[in-house]
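Both complexes below contain chain A, partnered by chain B and then by chain C.
The block that comes next holds the complex of A and B.
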């Protein structure tokens, strides 16, 4: 006897049929690389030596002793933390500025969008010239604002190169953060501000007790989003400093690139990817746990 | 969320990864993944055969058309040219990724010696001696073949160009200061000191980490009788100390060189920011385009320090081991060894460097349009050129060892620390093979 398929079951099957192609593509493009990468990270896999042997956690142990990797890890942490702090503060400030009613607001909004619209690789190549000691606009601007004779070799100095890379990164990412925060701020009902003002709240109190709590969920999601992209940053040092001078600006993603495409050591490159994957995952999980606790 | 659930989830995830790893570990061997052992099905060469050649863009000018016509007339199959990225680092990335993944969409690659050594070791390339014989390359620089084209008795490439690091000087700056172009170490330092004034430097160096610092280190080492793969040699030690002194003692060049790559350096030199510059011959088209070559910027003989040696380099044609049209690809490589093809190609891609085939240098018709042929002839006559000493791990050298040298040049580490750390890094990377 034929079993009759109920309407709801048919709907479920139909829904699965619609979703299945996407799921298969997703599994192929995301799950498979993750599994393959995890597998490679356990191998001594070096194309130049034509070697591919199971090595257990040897790659991770080697990384823990590798000075260059540790320097990269340290700079990536520094780069991410400083960038996030400045992006948050400047992004919120810019969003609040763009929210105000004043002449030229549209122009400011348009100008603020420009860095976001540019490709990171283009920004980095331009920055290489901007920080050049002979042609660079940065030294020139500093001289023009009153520091006559100022000269600093930004990209040939350990700290200078790190500062330059972080400044460019912040400049590029602030506008995106600001635009999303602006949209969130604009969603706050006007009555909330009116009530706060009637109760005698100052602008600062309104910001910290009304505006920011109201947009907290967007704020946290943005911190997760921006943080993850900072941990995985690559193009900026690829085009601007090549990880130098020395290894001072060598981000984890750049080290990974060197191992994979230059040294052709896929085992080590996969181990670095694994570390980045875990760092990103931990950061994301902590962020999401905080996000779930926020209730406004 | 309960921690128990998290632990369960994590354990599940890890066991999943381990299971998948175990399953995957049985799927392929090192040799297979590295490209060896698997023969691709070969297509017979016919008029319908089409091969793809990965090369710097062929210009759409008369030279480009002439080259394509020459290829068409001399081969019985079609050749498609795919343009390489403009930047060297991007070219390396793309070629390495394609070859390592077993891609067969490109049959012939145009690569330099650094890639050549790595790719030969990784077994990405097809031996070509059955079609391209040693006789085909008899007119190339002596000793070059053994150093870069051969491995285990097989020939793997056909060199295309011959470019040396030449000694360029800004003649106008020398004339204005009434100084003679230096011919030895003493004169060199003296001239550099005298020409360092008014915000301009006596010497410009490209010391960016990507590739340029290692080229310059190599050259200084050769000039002092050292070897940049052996930091225990007196000549190498002297060269490293000299590079430091150029910035900190003689103050004739800027520490900002650490961020100068060839593109930035060329612009600075064209703008007259420095009087002397050791640079690859391939930069001459940019001096020529700026209207400075010959009038303001000239090529001078290498000054004699301990030696007058300077590195030479070549890019070459190689066949992808995974190509399904190897026979046609080898025919193309053989054609590229001919004097006509060598000269036409250099003009077609705008490199305008002298050809690897030295016989071409004496043919006025073929060299018409090429730059620095006479300069190269003079350097050969002076016995100034030396093929570079490289290793399969040279890309790693460029990242680690030159990073250490940069630290010393920045005064971050001492001379002794630099020598010790540098040699240790060299031993480590050579020990990997």
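The block that comes next holds the complex of A and C.
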């Protein structure tokens, strides 16, 4: 009896030793920085003025008055919401296409993986060129399909730049969403479809009343997951627009980058991070609340 | 059961539309990388390859110092993949074989830490990395890249190992193997298939990572994802699009090659990960 207890204790100790390296690195690179960041956001911490002292909520107060910051915040919300809506609709459609058993199945699955596998920075730099007014493929294609002489300087126009950034973002992110939704759709037992068909349900009815409710949990988790990564998007604006024209496409992550690397104001940058973190957390918590309510 | 012709045709039409939207820009980058810089500035654009040339790649070698970037990516990726294969599998083993409150909380933390993006942690990490002399070093970057791979890999290994019956290791233990020995001799060899899949996915993640090298390197360490945006301009007005697309090509070709060859494994890996989570 005594030996058995020590054996199970040894097993527990061994398990902790197994998980420790990974756990320590993860705590060190994610949990600690979140705590430190929260503290920094309360400091007047500036590398140029060589200052590091407690300032309370001064940074946040400054942000609340800063017009450019508020513009970033509102564009980030707009960017995230519009992107997510399109990613959901197109992602579900693509997942349904990949699920079909037809001759092009292997082809569509391979092609759909490609945007997932490409680097966001490569996509964004390519997009900078694609949306060039004279030599880019976007205007060129529009001219070719019948709008001869079409000319629009996408990235120099306020809404043009915003639309371009969002389109590219959607192009890049639909496929990952679709792949995960495909996994979920494939987990639906076939009998469900058969009985729905026997009851005479149409394809649309089956989608909205059988398939989507069945995969609702994965669906919501993915919306949370994709949304969090959209709120924190950086590369696309860094490469495509540098936040411009003016500051119309400065996502919060880009503003944070500028504050940290150009202005070297770590206190302010941390305050921006804090706002991003709070937006992410609120979004995540609402998502999880909805997730808990779904019981299928 | 054969599909009616009309439905199949509709599916093909959608496949072609999606294929076009995805492949057209990719084709254009690849083609541009073999086109002379001067031919790239034409309107309307010439889509058929004419006057193919390797000039752009040569320019990458000479002017941009391609080999340094390749070396950095290979070193950091190889080191992080090696760490992830061994340490994440070990952690997965611990999580799969032992269940108590503490271990479960640790597992939940690792899973949810994916929700903390790099932008949130970057400033404290930069200060810490500078203080510890880790910024702009290979080891400093490797730690960050490895950390990036941990959640997905650990969760996948744990899920895979929990399907292996514990009686296998117990037999090895009775034959006198230590707990650690049972892991390396019995479990690790069984993980080969998932190791391959995870390594492919992790390789693509490492190759594509941009934010970490942007923030944590200055001049010593260079990686491929930084190459595209660091090619010297020809003159004030002209972007070196030829060389940029050649650099982009070097980034996308490995990823596309892996995807074409290992479509089934990658798909399976991503899907399995999602179901686990």
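The criterion applied here is as follows: the second predicted complex is superposed on the first by the 286 of 296 C-alpha atoms of A that agree within 3 Å, B and C clash if a C-alpha of one lies under 4 Å from a C-alpha of the other, contacts with A are read in each partner's own complex, and residues count from 1 in each chain.
By our rule, contacts are C-beta pairs under 8 Å (C-beta built on N, C-alpha and C of every residue); 3 or more make two chains touch, one makes a residue touch a chain.
It should be emphasised that the depicted structure is a prediction, and the values quoted were computed from it without experimental measurement.
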{"item": "Fit or clash between chain C and chain B when superposed on chain A", "value": "clash"}
{"item": "Partner chain in contact with A:113 - chain B first, chain C second, else both or neither", "value": "second"}
{"item": "Which of chain B and chain C A:232 touches, first, second, both or neither", "value": "second"}
{"item": "Which superposed partner A:262 touches (first chain B, second chain C, both, neither)", "value": "first"}
{"item": "First (chain B), second (chain C), both or neither touched by A:171", "value": "second"}
{"item": "Per-residue touch tally on chain A - higher for chain B or for chain C", "value": "C"}
{"item": "Contacts of A:157 with chain B and chain C, given as first, second, both or neither", "value": "first"}
{"item": "Touched partner set for A:89, first chain B, second chain C, both or neither", "value": "neither"}
{"item": "First, second, both or neither for A:21, with chain B first and chain C second", "value": "second"}
{"item": "Touching partner for A:50 - first (chain B), second (chain C), both, neither", "value": "first"}
{"item": "Chain B versus chain C as contact partner of A:244, first or second or both or neither", "value": "first"}
{"item": "Common interface positions of chain A, toward chain B and toward chain C", "value": "36, 129, 134-135, 238, 257, 261"}
{"item": "In the complex, chain A residues that touch chain B", "value": "35-36, 38-39, 42-43, 45-54, 68, 128-129, 131-135, 153-158, 161, 238, 241-247, 257-258, 261-264, 289"}
{"item": "Complex interface listing, chain B residues touching chain A", "value": "1, 16-17, 20-21, 24-25, 28-31, 33-36, 89, 92-93, 96-97, 100, 118, 121-123, 208-210, 254-259, 264, 267-268, 273, 392-393, 395-396, 398-400, 403-404, 406-407, 410, 412, 432-433"}
{"item": "Interface residues, chain A side, partner chain C - complex", "value": "10-12, 14-19, 21-23, 25-34, 36-37, 40, 94, 97, 100-104, 106-122, 125-127, 129-130, 134-135, 137, 140, 143-144, 171, 175-176, 179-180, 182-184, 186-187, 218, 221-222, 225, 228-229, 232, 234-235, 238-239, 253, 256-257, 260-261, 266, 269-270, 273, 276-277, 280, 284"}
{"item": "Complex interface listing, chain C residues touching chain A", "value": "3, 7-8, 11-12, 14-15, 18-19, 21-26, 28-29, 40-45, 87-88, 90-91, 93-95, 97-98, 100, 102-103, 106-107, 109-110, 113-128, 143-144, 146-147, 150-151, 154, 179-180, 183, 204, 207-211, 214-215, 225, 228-229, 239, 241, 244-245, 248, 251-252, 255-256, 258-260, 263, 266-267, 270-272, 274-275, 277"}
